[in-house]
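Chain lettering (A, B and C) follows the sequence in which the chains are written, and residue indices restart at 1 in each chain.
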Amino acid sequence: MFCRLLSLLVAGAVLAAMPVWAESPPLSEATLSCLGCHEDLHPGMVEGWRASRHARITPGQAMQTTGLASKISSTDIPSGLQDTSVGCAECHTLRPDAHADTFDHFGYQVHVVVSPEDCATCHATERKQYGQNIMAHAYGNLVDNAVYADLRTSINGVLQPGEKQLSAKAPNNATKAESCLYCHGTKLRFDGLASKDTAYGPVMLPEIAGWPNQGSGRINLDGSKGSCAVCHTRHRFSMAEARKPYTCKECHVGPDVPAYKVYTASKHGTIYSAENNDWDFSAVPWEAGTDFRAPTCAACHISLVTKPGGTVVAERTHALSPRLPWRIFGLPYAHPQPKDPQTSKIKNAAGLPLPTNLDGSPASDFLISAEEQDKRKGNLQAVCLSCHTQSWVDGHWQRFENTIEVTNEATATGTGLLAQAWENDLAEGLPQNSSIFDEYIENVWSDIWLIHCNHIRFASAIGGGGDYGVFADGRYVLNRRLREMHDWVESRLPQQ
Amino acid sequence: MFCRLLSLLVAGAVLAAMPVWAESPPLSEATLSCLGCHEDLHPGMVEGWRASRHARITPGQAMQTTGLASKISSTDIPSGLQDTSVGCAECHTLRPDAHADTFDHFGYQVHVVVSPEDCATCHATERKQYGQNIMAHAYGNLVDNAVYADLRTSINGVLQPGEKQLSAKAPNNATKAESCLYCHGTKLRFDGLASKDTAYGPVMLPEIAGWPNQGSGRINLDGSKGSCAVCHTRHRFSMAEARKPYTCKECHVGPDVPAYKVYTASKHGTIYSAENNDWDFSAVPWEAGTDFRAPTCAACHISLVTKPGGTVVAERTHALSPRLPWRIFGLPYAHPQPKDPQTSKIKNAAGLPLPTNLDGSPASDFLISAEEQDKRKGNLQAVCLSCHTQSWVDGHWQRFENTIEVTNEATATGTGLLAQAWENDLAEGLPQNSSIFDEYIENVWSDIWLIHCNHIRFASAIGGGGDYGVFADGRYVLNRRLREMHDWVESRLPQQ
Amino acid sequence: MFCRLLSLLVAGAVLAAMPVWAESPPLSEATLSCLGCHEDLHPGMVEGWRASRHARITPGQAMQTTGLASKISSTDIPSGLQDTSVGCAECHTLRPDAHADTFDHFGYQVHVVVSPEDCATCHATERKQYGQNIMAHAYGNLVDNAVYADLRTSINGVLQPGEKQLSAKAPNNATKAESCLYCHGTKLRFDGLASKDTAYGPVMLPEIAGWPNQGSGRINLDGSKGSCAVCHTRHRFSMAEARKPYTCKECHVGPDVPAYKVYTASKHGTIYSAENNDWDFSAVPWEAGTDFRAPTCAACHISLVTKPGGTVVAERTHALSPRLPWRIFGLPYAHPQPKDPQTSKIKNAAGLPLPTNLDGSPASDFLISAEEQDKRKGNLQAVCLSCHTQSWVDGHWQRFENTIEVTNEATATGTGLLAQAWENDLAEGLPQNSSIFDEYIENVWSDIWLIHCNHIRFASAIGGGGDYGVFADGRYVLNRRLREMHDWVESRLPQQ
């Protein structure tokens, strides 16, 4: 409290001497109209925006910054947008014909759901890169994959009493939207206008199925994929926020992909937690050593990172793939990243839409080559080398690739036990043309790779080891679960 | 370190120009006596208080602030208390006749345990509201409920070898005090005075069974219920602290009520974590948008929240219930909130002290009506609407109520499996007049609603979905546990 | 962002008036040579150091501070090191003959791995104390203990299909290094020089097996044990960082030793999280009440803590043992701390290297006496008494020792169930001269003490109770797992 008071007192003194850009730029007439009501209706929304860069600088001013410090990548921003701040109307009335939810709102053609294509008006490069990001395709990658469809029903289905097994009542849309699709994104659908009671009386507003949602692969009402707000939350759209690890945590904290947990228990995370209040998360470019002393998720995989003098360490990429050689979660076996971000097209030798066969061998035609992996490894390790020697980095990497190998071996052992259960009719799966996720023993099997092998790999990749690879859902639990599978099969096999 | 240094240097310059109230007000003679020894004995205690508002302003000064900014609600503060700061003696010698632990301490009639009735001297409204808070009744609600008694023995009992089942040795008071009663509150009992060795030699001091404890429903030595220090920790008693989510975490982090975990992985929690250092947690009233950009637990359920202009969004309530339509944890089925905060009075159709029947149908006589639920929903959603449109809020709520429904269905399926086990004498429960919590299969059943359905509901309510509703103890695990129950029953049923 | 800007603006004004010591001291010629290349190669490393006290003050200047504020304990620092800052060369060229990895690097005799013996040049007392710390012996305590060897193979072995049980393929060194040895420390081995490609062309550099590693008991290339960087991370070596709880989290977050989790859900942790931005983590000595309002791990177990006037509350100890009466994790039963930090020398009555017998009775010859426990309790409680009364502290401690007793009882019950399984040949263990960790039921048994009893004890010790002692892997789960063991044994015993 005392500190805040000081800040305020100091702020008073300093504000008088603020540089010119701190004076708010002009607002468009349309945005002024929006604010007329919405400032009173939803002040949180408006104040978030008011604290944003969007409110404090015009695209025209932003375009004057070029080179590494540039925060805007389009060179063809319409002149009508260049001289006012980026306010409500600038985004919510863009490209009205493209959006199915465009409606007449007090004389303005407004759409509710702003899409990456709208953002591309000023941020064309980022939008294009994001289109190559596997996360932008998260909806289709999940929904159009038959194996995942089986898994999703197994998870989201409402179990009912059944004969040999419990039966799963298909999940409804509300359940789907807050389960897998919360992160993967929903498919939005415009269902017409309807009158809503508001503080200003009844107003005709769009009904949108699948709304709200900010999933990374949301199917928008202009047909585009993704939501920039998944990382840059509305209406501040902050780069600083996206560079902090909490952003990624939202979808990468669960036991299937424990990146955040592992990070905060790593040396990098320790340093981040202890010191991040003194770092600069808004600097562009982001200088290793001076702006931050330990990397966050963004530093390793996304951000434009330079050395203090300005030498580029890593180019900014909203595709992420240039700094991702291996895919280490979500599937039975770790494997090289897919070539195409649309992964439902993949077929393994058995014809299943999986990037490996059930014995772990890769469906290589669909995966990047060793050469491409090496290139990406180089891109990623360039960040490591900002603070570590090559020997250090090599030692880390050798352990990580060993861990990919041994966790794949563990999955193969578990898969063998499940096959034994199927072959002896202790459970029904592939040989019986039945679900591979709807019985207890099958769920133990999926725990093995989806939870435990993933923990071990993330602990290795992000932490260089530690408890999430051992007791915290790691090797200790992996081996207990494998023994449980063995025990289960053994005790049910006919006595010989 | 550099930042701190700056702060200190700046502080020096600024302190000279501090407003009048920053001069510490006079201390009472009694408090000066206390400080004479205790400042040296327990400096942490004294320095915490010294940084508090209690030390820096008198009740008389505080009463001059009226309206929304008021931090004190009593209008009849005794004149003898109005002109000194609220020091040691002001609280610890109040109402000496009411406290069983009042003792003569160097000439002062001191009691150790300050109760909400003491705090009510200045904070009458908050104390009255807290009396209506279900948390104030947490001791009796647990201890006077026969079903919970069974559960508590199942949890806290020290298991011993037994014949058909392990037997539970009843837990002792020390175990109870640090287990369930840590949060629910202990029942304090004055056991007379005894001589204690202290740094100042032997002193006669009260012996208090059940001490220390700061549980929300503590039974105090003046017969009152609760502890204000459960959220406003001693001796700073900070509003800012209570508004941060860590406060609630202490009792709402565990898998039975994973509110904090879910919050920090939500968009609100992401924004909080990334930006809270720049927010004002001490402002009264608390302005949405300017003082904070994302709500904390307190913003949604407790605090006086206004729009920037001062329009009230939500009234302050220490009862919480005005902003709680549903009860989503701690019981087999989610249900409307109880009418009376003393829940051990509830009886379902079978005569059990539960708010629903075993099939999930509500014990409606004891629960709030749909109309009251709607009113509370309105109070709560007013906070949402500060930053979100009505369409957004409606979409969120529709999913939340769907989730209540489908998780209740899952509990019904699990309860059916348990009933099947009981009916076939695979386990002993209600039909056998035996404990429903003392066998393995019964514990798997309680996991289903107490752990997994709760995770799914909290993820829905607080996060709008996400991993705590799926892989992180959510639907994925719920269905695996249900299949485990099915497997367990199936493998033990006599072969037909 | 706005706050940062203010800081920067203010900083500019203030820097002009900085005290003399803020001028960087001279660098040695050797360190200047290092910086010539490494500043460009690894700026993160260099900037971390530049922000450190090592860069900003010379040992000679530091020696002028005496008494409680001293940060340096050696009195015989070589004069050649006293007048330059502690730069790259000062540490990495110390004692060249002692280090197996010393190599000629552009004319300098450099070693890669700096050891506690190097740090002892200036910090002799801390190094000596750390040598008495059980953590310094963590490598040998694990590797030289036959019971732990069995456990390690059980955890890290790569399970393969097997006959009666799955068989474990021995883990390779890469796995070991990122599993248990990540925290315990690896044994480093110099494998000669090899040419490495670097940004400056090929350079001959040491190959070091077991590198990188910062484990607490690392066996260094000069034969010494430990790594100061385990808590004071490279190259800032910050005291403030080590005083924050994140440091300890790295190795004390997992379910086997859930100290950090329990702390953050305790009242102390709540206060820390809410207020730590306003505390002073760099002050020496560390004043209770003024520098911090709630203790961190370091405040209770390590740091020099004083009252505001300077009276010593607790002496600094890098041994930790003076403030640790009980050992509450990592072994089947809690017990008094071992006398000798090298615990692999312990033998129980059965000849096993364990500090208790399988019935829980202590191997007393190897453990500290009740008198020593009392002395350590006094050292530890002195910190508690800075903020709490003796009655409060006594109540806390009585519950903690009760919890040690009842969790030991629970372990005895579980051990009895396992013995029953062994005796009836349902599993193979001690009677069969077989591993006690390689079957499912044995893993459930180890969960009981390694996970659940530990949670309960940590929740008691650090939090005074709460959810980690109940639902969050505590009593609730402990009793469920014991019932699972009973169920497993019962269902496999021959029908009578």
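Assume a contact is a pair of C-beta atoms (placed from the backbone, for glycine too) under 8 Å apart; a residue touches a chain by one contact, two chains touch by 3 or more.
Since we're looking at a predicted model, the values are computed, not measured.
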Chain contact topology (line, ring, star, complete or other): complete
Chain C against chain A, contact positions shared by both copies (same if over half, else different): different
Inter-chain centre distance, chain A versus chain C - centres from mean C-alpha coordinates, in Å: 33
Chain C residues counted as touching two or more neighbouring chains: 2-3, 10, 51, 238, 240, 277
Chain B contact footprint on chain C (complex, rising order): 2-3, 7, 10-11, 14, 17, 51, 238, 240, 264-267, 269-271, 273-275, 277, 280-282, 287-290, 293, 307-309, 311, 385-392, 395-396, 398-399, 402-403, 406, 409-410, 413, 416-417, 459-460, 463-472, 474-476, 479-480, 482-484, 486-487, 490-491
For the chain B and chain C complex, residues of the former touching the latter: 1-4, 6, 9-10, 40-48, 51, 112, 154-162, 164-166, 168-169, 171-172, 174-175, 177-183, 196-198, 205-208, 211-212, 214, 233, 236, 238, 240-241, 244, 246-247, 249-251, 253-256, 277-278, 438-441, 443-444, 447, 450-451, 492
